[in-house]
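First chain written, first letter: the chains are A, B and C, and each begins at residue 1.
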């Protein structure tokens, strides 16, 4: 059961309804009219809850679960405890997500402009926006319909934010043009000067940073992540990207559509990622590189060369995955053989 | 001498008093009634200051110090310059901490609710709380006695914070239940959505994040650290944990009691640390792992497998320490032998 | 063309004027009176724009550019497309920076103290300061002439900031003394308690952190970077340092003049960097080390030993660059030879 201080639940639903919502099929013998009131993790779900099994690490939790129903891949259905209702799906996690959205529809927490927000009179606000207390909306900012600007966020002069966006508390946005349905979590800093200067033995000369940050539609950006604006070109975050917490994106970087950057990734200046690149946690990509579509970069890897489309690279410096594991293996064997000598 | 713009000092104390406070013994020939007015580092301490020697790297600074007194391990007492008073302790750093607390007792900087704080009328405030200007306390928040909420911190709806806590400036707290005596430094973002979505070739589907962050008593959390709330289970930070700056803790992670996470550590989703695990700076732990009690993870290590209790692992991928150093050694030797060829 | 929502341009200038501003010479046949209205990247510059070529990766973009003029090293002048005006410089990037400053002089966005700022009556404000809405200036803070404090920044009691500084939105400053011409970008947290405690099996005892952060003149600090105050000594950032986003600097660290720390670097307690040290992205330096003047630390490196002046080290653990590449090479060769076996 979710904590009612934080979550408001819809429902209940029958299993037949949930199967339809989740795009799955009822398992053999599953009562279509069983009433389900909530989603819950396997270990905690009770007779009126629905849970899901996705990661095979949790099969034993599934076998021991007292959930009233569970979403599961057909291949694992026979491991279900007796009496558990089943919704069968080739993509149980996706089905769960759809069902969880039904129980917990995303609705804005409140709306209207707080009298304790500071909104410059030149700002243009869309319909049904929510501007919370302490938010600062500066000159010539534009905010689209139904967008929520959380407490103590700052939108600096000229910033544009589209419709249906969520800008978290203590976020700083400057020199940025943001599309629709963009989520930016608390504390992210977006649009500040890139790290541009000319090094010299007597001191470093700052280079004016004259580009913007352009964030396309349907992007999620994690807490305390930083995205610098371009030096001349723009820094661009493509449609549908998912960026985790504490990620660093330098000036002029371009991300294609649907890229996934796990926490603490760093991307140096002017590097370009094509569509659907995935970078594991704490990995880094040096500047001025091209990473091909669908490439995958292992956690903690350090990429120093272009990566072709579809390739998986690992290690620091990063090499193709097979080569990396071969290197790891050969060093392990040598250490076992000679290491003690 | 500390900067009086920032620190207010108690005292003076005699060496006899300080020996008692610190749980140490006066060295031979040390004048029990010597008056000490402050603590100071070895290189800067004068005749009325007390310093300490803990890290043996600083023995020469100890030998050259003009401190009126010093806390030192009995084994090093004979290296003291003549005339220096000594407090002998098997744990000089602990004794120093106790004595420094006597000179600089932690007291709240001020109290009361600032007229420039924004406190929702439904919030429940304990006795003697301090809510600074610009802080935003939203609907149904509960704050315990003597807790300080610093300027421009945001406590989003429903958040609970216990007694004797310190919530730093520009902190964002949401979906969180916080115990007593918890310190959260400036800019930390706690409780936002975990990085949960179903990847797909046409786009990524967000998965509702329905858990909380639960922080137990006596925890310290560093500046700009991020802790995501659980996806269904809670994210839990155990009693007495110490978390440094810029650490990332993903959804569903559980830390046992007394864990220590050095700066820029990242822990992926659903991983569980038992009590008193120590993770070095910039290390990462992948998801769904179990790290046993008292395990130690080297700086910059990348942990990809469960770690048994008490084991020290290093490297990326992390292996037991002895194996790691053997691998490093064998590669060094080979590079010397064949590398130039 | 820059986005007029964000940037205000000076000019136009003739090429003769720009050559003088940039300290370069007009190329042969370049019309001294050609009128230039803006700077722009090579791929986007038109007949009235000036661009620059610095990184040889972009020679083909130079050859294809339609820029009215370009700043270029004399060695590459012969690759210019016909009709392009040239400013020749041995340091094209420096010349570009000077010229870009002419088109986009740094001017404060606005000035005066916003009625929505919260300024304690004991604070001392210099002439022509700008304090934006939501900024909180606490007891006994001092702010120098022409300094800008951005919206929702917090300067905690006693903080001193010099003249001509820029303190970004949502920055937290405490226990800090800041010089002149210092830029601190959004969300940085500076001066909070260092990570100091005595570990013990029953719990960890906090050690009072009694030093400050001292930031000398002409320093730039990136977004969401964290700098802890000293434990007794001060944490010191030397004149002219450039610190990128999400960098962690622990208590008692000292940086000499002109150090450059790229994003996500971490420096552990009490380590001292001499002048003009450069640390690549995501590198880490363990505690109590000395890094000599002009040393260079590779990206993602882990430094565990002192580094002599002028040396370049790479790897984790870091070794001299030549040794590192030799190690990488020998492992690659072995993996190719034996890896498949």
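The definition used in the following text is that contacts are C-beta pairs under 8 Å (C-beta built on N, C-alpha and C of every residue); 3 or more make two chains touch, one makes a residue touch a chain.
In this text, all values refer to a predicted model and were calculated from it rather than measured experimentally.
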Numbering shared by both copies at the chain C-chain B contact, with half separating same from different: different
Angular offset of chain A relative to chain C [C-alpha, multiple of 5 degrees]: 120
Distance from the mean Cα position of chain C to that of chain B, given in whole angstrom: 28
For chain B, residues contacting two or more additional chains: 134, 152, 170, 187, 224, 246, 264, 282, 300, 316, 331, 334
Interfacial residue positions of chain B with respect to chain C in the complex: 2-3, 5-7, 39-41, 43-44, 55, 57, 91, 93-94, 96-98, 100-101, 103-104, 106, 109, 114, 116, 132-134, 150-152, 168-170, 183, 185-187, 218, 220, 222-224, 240, 242, 244-246, 258, 260, 262-264, 276, 281-282, 299-300, 316, 328, 331-332, 334-336, 338-340
In the complex, chain B residues that touch chain A: 118, 134, 136, 138, 140, 152, 154, 156-158, 160, 170-172, 174-175, 177, 187-189, 192-193, 195, 197-201, 203-208, 210-212, 224, 226, 228, 232-233, 246, 248, 250, 264, 266, 268, 282, 284, 286, 288, 300, 302, 316-317, 319, 323, 326-327, 329-331, 333-334
